[in-house]
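Multiple structures follow.
Shared between the two complexes below is chain A, which pairs with chain B and chain C, respectively.
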Partner chain A sequence: MNYLNDLFTLLPEIVLVVLVLVVITADLFLPRADKWMLTPLTVFGLILAGIACVLVWGVNDTVFSGFYRVDDLSVFLKMVTVGVGILSALFVPSYLRIRRLPLGEFNAMLLFSLIGMCVLCSSSDLITLFVGLELMVMPGYLLTGFAKTDRYSNEGGLKYFLLGSFASAILLFGVSWTYGVTGTTRIDAIGQALSGSSLNPAMLVAVAMLMVGATFKVAAVPFHYWTPDAYQGAPTPITGYLSVGPKLGAFALLIRVFAEALGPVRADWLVVMAILAVLTMTGGNIVALVQTNVKRMLAYSAIAHSGYILAGLAAFAAAGSVAVQRESIESILFYLAGYALMNIAAFSVVGMLQRDTSRFGGLRSFAGLGARSPGRAAAMAILLLSLTGIPPTVGFFAKWYVLLATVDAGLAWLAVLIVLNAALAAFYYLRVIVYMYMREPEDDPAPIDASAFGTVALALSVIGVILLGVYPGAILDVLRASAGSLF
Partner chain B sequence: MTGVPVLSLIVFLPLVGALVLLFVPGTAHRAIRWIALLASLASLAASLALIGYRPDGPEFQFTENIDWVPAFGMGYRLGVDGLSAVLVMLTTILSAVSILYSWNPITKAVKEYYISMLLLMVGMLGVFVSLDLFLFYVFWEISLIPMYLIIGIWGGPRRIYATIKFVVYTLVGSLLMLVAILAVAIAHASAGHPFTFSYVELRGFAYTDTLQALAFGAFFLAFAIKVPMWPLHTWLPDAHVEAPTAGSILLAGVLLKLGGYGFLRYSLPLLPDAAKAFAPIMIALAVIAILYGALVAMVQPDLKKLVAYSSVSHMGFVMLGIFIFNMQGLQGAVYQMLAHGVITGALFLLVGVIYERTHDREIAHLGGLNARTPHYAAIFGLFVFASIGLPGLAGFIGEFLVLLGTFRYNGYVAGITMFIVIASAVYMLWMYQRMFFTVPSDWMRRFWPTLKDLSRNEWLALAPLIILVVAMGVYPVLIMDAVNSPAQRILDAVNASGGLTSFQLPW
Partner chain C sequence: MTVGLGPLPGLQTQEGHLKRGTVESGRPLAGAARRRVADTRVRSKELQRERSTLDITGILFFVLAIGVVGAGLAVVTLRNVIHSAIAMMVCFGSLAGMYALLGAPIVAAAQVLIYLGAISVLIIFAIMLTQAGDASLAAPFHRQVPFAALAALIVVGLIGWAVIQTDWGAAAQAVAVNLEQLAIALFTDYALPFEIISLLLLAAIIGAIFLARRPEEDERAG
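== the complex of A and B ==
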């Protein structure tokens, strides 16, 4: 065993851990007026972590006696994780400063959560997986309740914590049943133990529990009830992170558990996954349709997006050939990356309109934004069109990819339901554009928070949304290699 | 074809204009208008190169072929045949006319308006020149959003309702078409071909009957909503009434043609068996549209609504011509599309002229305009007669050819259709009479002292349309030659097919 080599493969995680320590220490010694420097520090550290990811690209090795797997799939997800971290670190600070919330603690917790996501993406054992999951969601609970004196933030944090722990317990119970049936917690060994036979009743219980636990974390209907309150209660840019980061991790978990460990018995969970996908996208969209608060609307639409990604997983289960299976995983990965980019940015624009702390992101604060702040309105419009799935944006290509996978897997009916849902979603996304461009501003328009960090991050996101939409080929090779490492 | 990428220039010169506009301050209205006009004129100039299209040459000319996402067989494939060449020129001309006409009426958010107009051009032109189904879809959707904004921001009082209705209708149809495009490409690939969205490759493949039927249905929804065919037309009157004048010109003049073009370019050659099997239904819908549009147009009190419903009727002729599957019908359909684009574009422009002066479009409020605005009356009359189908003007040839083809298809259908041609004379002439010849109403007299005849700008915008409507009426040969071989290819594809023989629903 070459432990030095094993440690090298952990480089991104190591960089992140060192970064947390540096940030906490710096927070202790920096005078209040200079706290803003934590943001560039964090971003710089995250860029280093991104470089570390590039260094371990292509290693494809299982390390630490099989507990940890650094394959291209995990490295790709870590790169997206780092990107999510950079955007969040840039979007959040001014929102916190206006509300006199501590920046150092936020940065530290964000980084802890990112480390959890990295561990989760790389786990090749259900135990590691669980540790990573908890490390990812614990800071999430705290971040939701981050505005200590705000009732809604407290309520959201508490709900998220209680229901989240409950779901974690169910997931863990599922893990123990799996161990009971197969005699192992190693993901590839579970796959081998299950291949060639149909599910026995005990394993069926295990699969059911794993599915409930995992789909809870991606906010699939009917396990979504925590989402709107947690998302609405949390400070807005943090909601952006929560709607993307933990979801990214949860989908990594779904890929690891369902595509890898339970891949051999995928015919048994196909139908449930497809039904969950339909329920999730339809349920999310229908409820989003009647929201008058943009933050809450985006929270429900985030549920709908989970549904589209779950459809990719259903396509994986229905696929008749390895090529189509790969395509499904690729579509999930592309969707996750594109969704991360557009959703964080969309929430951040809502946050920018909450400079006046008595505003909660109602539709009315968007009235006339096109005249008041043309740049931000245009950015928001592009993000909303991308969320709707209008070309040439990344959101369109992501939907297209999922559609390709579902049609290719023979689930044309699911593809039809996806596009009908997309048309439904157009209705509420475009309503925000109606308010921004087709209505006059209110008498006392919401003041806009125009911090430099936030503006830069917004510009970066929008450029990314368009570039990846016009030329998705830019990340396609990386995507294919990472999906390929599963097979 | 090597050398200058003519088609890319046509499509993306407006985009260049839009990008330049981004950096012009929003208060510099004059500069903004000039830049937009120049960008559209540049695109128009580039499109004149398409006159060099050789009807006896290869099917697609001016082709460009660049890999876009090779992993998925998506290419930046452009090319025109006679059919798309004439539609491209129609689009560039009408766009320039619209931008010119908007010079004075648009005073609110001028910069955003012209950016939307130029992006709309990009989308529309892109649809006509793409030879890749994926690229086609991308342009198809791109053309949607600018029109959404144009109606929603610069439209009339009920603009938000109208524009959302327009978007949701169109989006439902086009998204289902996306699934159909995928299904077609996947079916083609699963037969051992490399995965591609290239139109030329996908055409001529023997898709299973079930796929053809379902895909035809999806394409039908997308295209029929755009055309619009009865009973999917209900968004059109709302959109037209609320849209600003230039929006109406492009909506009627070009966007509706996207639907007809879609049938000709995609539905028929890709899915000939299904097209053949469903033709009787399509013909029935087309005849209903012709009849319904004409009858409803007769009772419209609002000028724009009247012209909008006459569009439903005229586009019904296009659909009828497409689905009777003979040479006269197809040529007539294409000619009717072009003529309708010019005539209805001009009629909406003329309605805009009176609306600018009185801010009202009630026919009952007008009257006696002949006395105050003789030039306006004369030009309006010219286009009214063209719309009715007076020989010597553009509208006649298309309708005549379609009718001729219909007689070959079925005498009864042709008989019914003939009757409706008379109805179109009724509503158009009656409208003209009420507008220009009766005694002016008290309401109208308030405007009497200030009412002006056509301005220089309006003359400039109308001039190309006037020339076209006469030229197309007396000398149709150029267009007929260009359209001849594409029409023949479509006919060959459809006539070689035996319809759906083993069609089964998949459930």
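== the complex of A and C ==
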């Protein structure tokens, strides 16, 4: 075995591990007035990790005795992970500073979680997969309860922790059943063991448990009950990270487990996945309609977006040809990248309106924002239009891609439901825009947090949302190579 | 020493050294108990031949099984949290005995060391240090009990059905692995997951310290 070669393929992860150690150490020695320097340090390290991702692009190798697979799919997801990390590292600091919460611990937890996501994306063995999952979600529990003296943050953190651990245990139980039936934890070997025969009862139990555990992590209905409280309790820009980062990792898990290991028996889980997709998008949207708190509304809308991506996975299962399968995986990847950009930024705008710590992101905070802060209002409007799926934003193209995949896979009814849901969602997204531009400000308007880091990150997100919407071809080749490495 | 697991992925190349199928290789106790767990409840001719040895392991198995299930029920039904913790120790201990019965002494030893030795003691200390006043509290989820019981019964029924209906084949055979092979596999083939777990522990330690620290100290640090 060539250990040096193996280590080289781990370059992005190694950069991140070194970065987290540097951040912890620097946090120890930096005087309080200079703590803000942790943010540029983290962002610089993340940029290095991004460059490392570019270096390992095209390697397509299974390393470390088959436990780790560095293919283009994983490298693409790692690039998105690094992007999510950069945006989070920029959005969060000023929110924490106002509430006198420590920046060092936040950066460390964020980086640990990102490493977990990278491991999850590259898992070619269920053991690596589970360890990566835990490394991703465990810092997430802590970040949810990061505001230790805030009752809602405590409640959200505790709920997320208890239910999340329970779901992880169910997933692990499913893994052990899979091992019992197939005699292996290697993902490709499971696929081989299952191909050519129908599922036996024990494997059905295993698939059910894997499905419950994995869809819990993407907050699919009916396993979503933790989501609104965890998302509302967490510090707002951290909610942005939680709604994007762990979800990205969980979809990587779903692709690895369901598209790769359980791919040969996809006819058996197609119906369940399609039903989950419909329940998730409809359930999330209907409850989001009646929310008057924008933070909670975005939490439910995040559930709905999981449903659209699950529809892509259902399209994979229903696809009759490899070409359509590839198309559906591409649509999932594109949706994940676009969703990451727009959702994290939308939450952060809510956070910017919480400079006054007694505000919770109510709809009325947004009244008259168009006049008070034209730049932020315009950014929020673009993000909301993108979340709705209106051209020329990335949200439109992402939905269109998923629609195309579902129609090509022969699931026209699912495509119709996606369109109906998008129309339903338009109501609550556009309501915020109406408040921003057509309502008078409150008597005591919410003070706006205008930190430089946050503004830069917001500008970056909006530029990304528009660029990818106008010219999605920019990453289509990358997407094709990524999805292609799975087959 | 033997470990009652199926073939570990990293050890497949060494299969020549492994004793397969302990039933055939002069250790009928482990093989018979394994069958009881698989719980096919089919009295095949082969099992009847092993009847004399089955009786001892069978009795032991049922004693341990009652220990696991009974203590498990006690953990969730007892109102006093210290009683629950002690019932949990009984549950862990019975489980360790069951691993030993299945011919997996390494797993049994790990179970005793980690769950009985470390986790139980930690939990009892945590209760001692945090509990204020009367430990007995009313069950908060009172109204959900019938639904929870129904759901649990359905899941138990489904899993039981799946266990009985499935032909476990090679997976049900115990593979003997000695401690040395296990250690070599852990530090060569399993090196990467092993290292990732160490990262997970580091993250957990930092998180625990952050949560346990008083808010005033946070302000000094942040």
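Definition applied: the second predicted complex is superposed on the first by the 487 of 487 C-alpha atoms of A that agree within 3 Å, B and C clash if a C-alpha of one lies under 4 Å from a C-alpha of the other, contacts with A are read in each partner's own complex, and residues count from 1 in each chain.
By definition in this document, a residue touches a chain if its C-beta (ideal position, glycine included) is under 8 Å from a C-beta of that chain, and two chains touch if they have at least 3 such contacts.
Predicted model, so just to flag it, every value in this text is computed and none were measured.
Student: With the two complexes superposed on chain A, say which partner A:A371 touches: chain B (first), chain C (second), both, or neither.
Tutor: first
Student: State whether chain B or chain C is in contact with more residues of chain A in the superposed arrangement.
Tutor: C
Student: Quick check for you: in the superposed arrangement, does A:P102 touch first (chain B), second (chain C), both or neither?
Tutor: In the superposed model, A:P102 contacts chain C only, not chain B.
Student: Just to be sure I read the superposition right, which of the two partners does A:G196 touch: chain B = first, chain C = second, or both, or neither?
Tutor: neither
Student: Go through the superposed model and pick first if A:P31 touches only chain B, second if only chain C, both, or neither.
Tutor: In the superposed model, A:P31 contacts neither chain B nor chain C.
Student: Now for A:L142: first (chain B), second (chain C), both, or neither, which partner does it touch?
Tutor: Once the two structures are laid over each other on A, A:L142 reaches chain C alone.
Student: Once the structures are superposed on A, label A:V181 by its partner contacts, choosing first (chain B), second (chain C), both or neither.
Tutor: second
Student: Give one of first, second, both or neither to describe whether A:I127 is in contact with chain B, with chain C, with both, or with none.
Tutor: After superposing on A, A:I127 lies in contact with chain C but is clear of chain B.
Student: Touching chain A in the complex: which residues of chain C?
Tutor: 6-7, 9-10, 158-159, 161-163, 165-168, 170-171, 188-193, 196-197, 199-200, 202-204, 206-207, 210-211, 215, 218-222
Student: State the interface residues of chain B toward chain A in the complex, per the touch definition above.
Tutor: Touch residues, chain B against chain A: 26, 68-72, 109, 112, 137-138, 141-142, 144-145, 148-149, 152-153, 159-160, 163-164, 167-168, 171-172, 175-176, 178-179, 182-183, 186.
Student: What does chain A use to touch chain B in their complex?
Tutor: Counting only chain A, the residues touching chain B are 370-371, 374, 385, 390-392, 396, 400, 403-404, 407-408, 412, 415-416, 419-420, 422-423, 426-427, 430-431, 433-434, 437-438, 471-473, 476, 480.
Student: Within their complex, state which residues of chain A touch chain C.
Tutor: Against chain C, the touching part of chain A is residues 17, 24, 32, 35, 64-68, 96, 100-105, 108-109, 112, 115-116, 119, 125, 127-128, 131-132, 134-135, 138-139, 141-142, 145, 148-149, 179-186, 189, 200-205.
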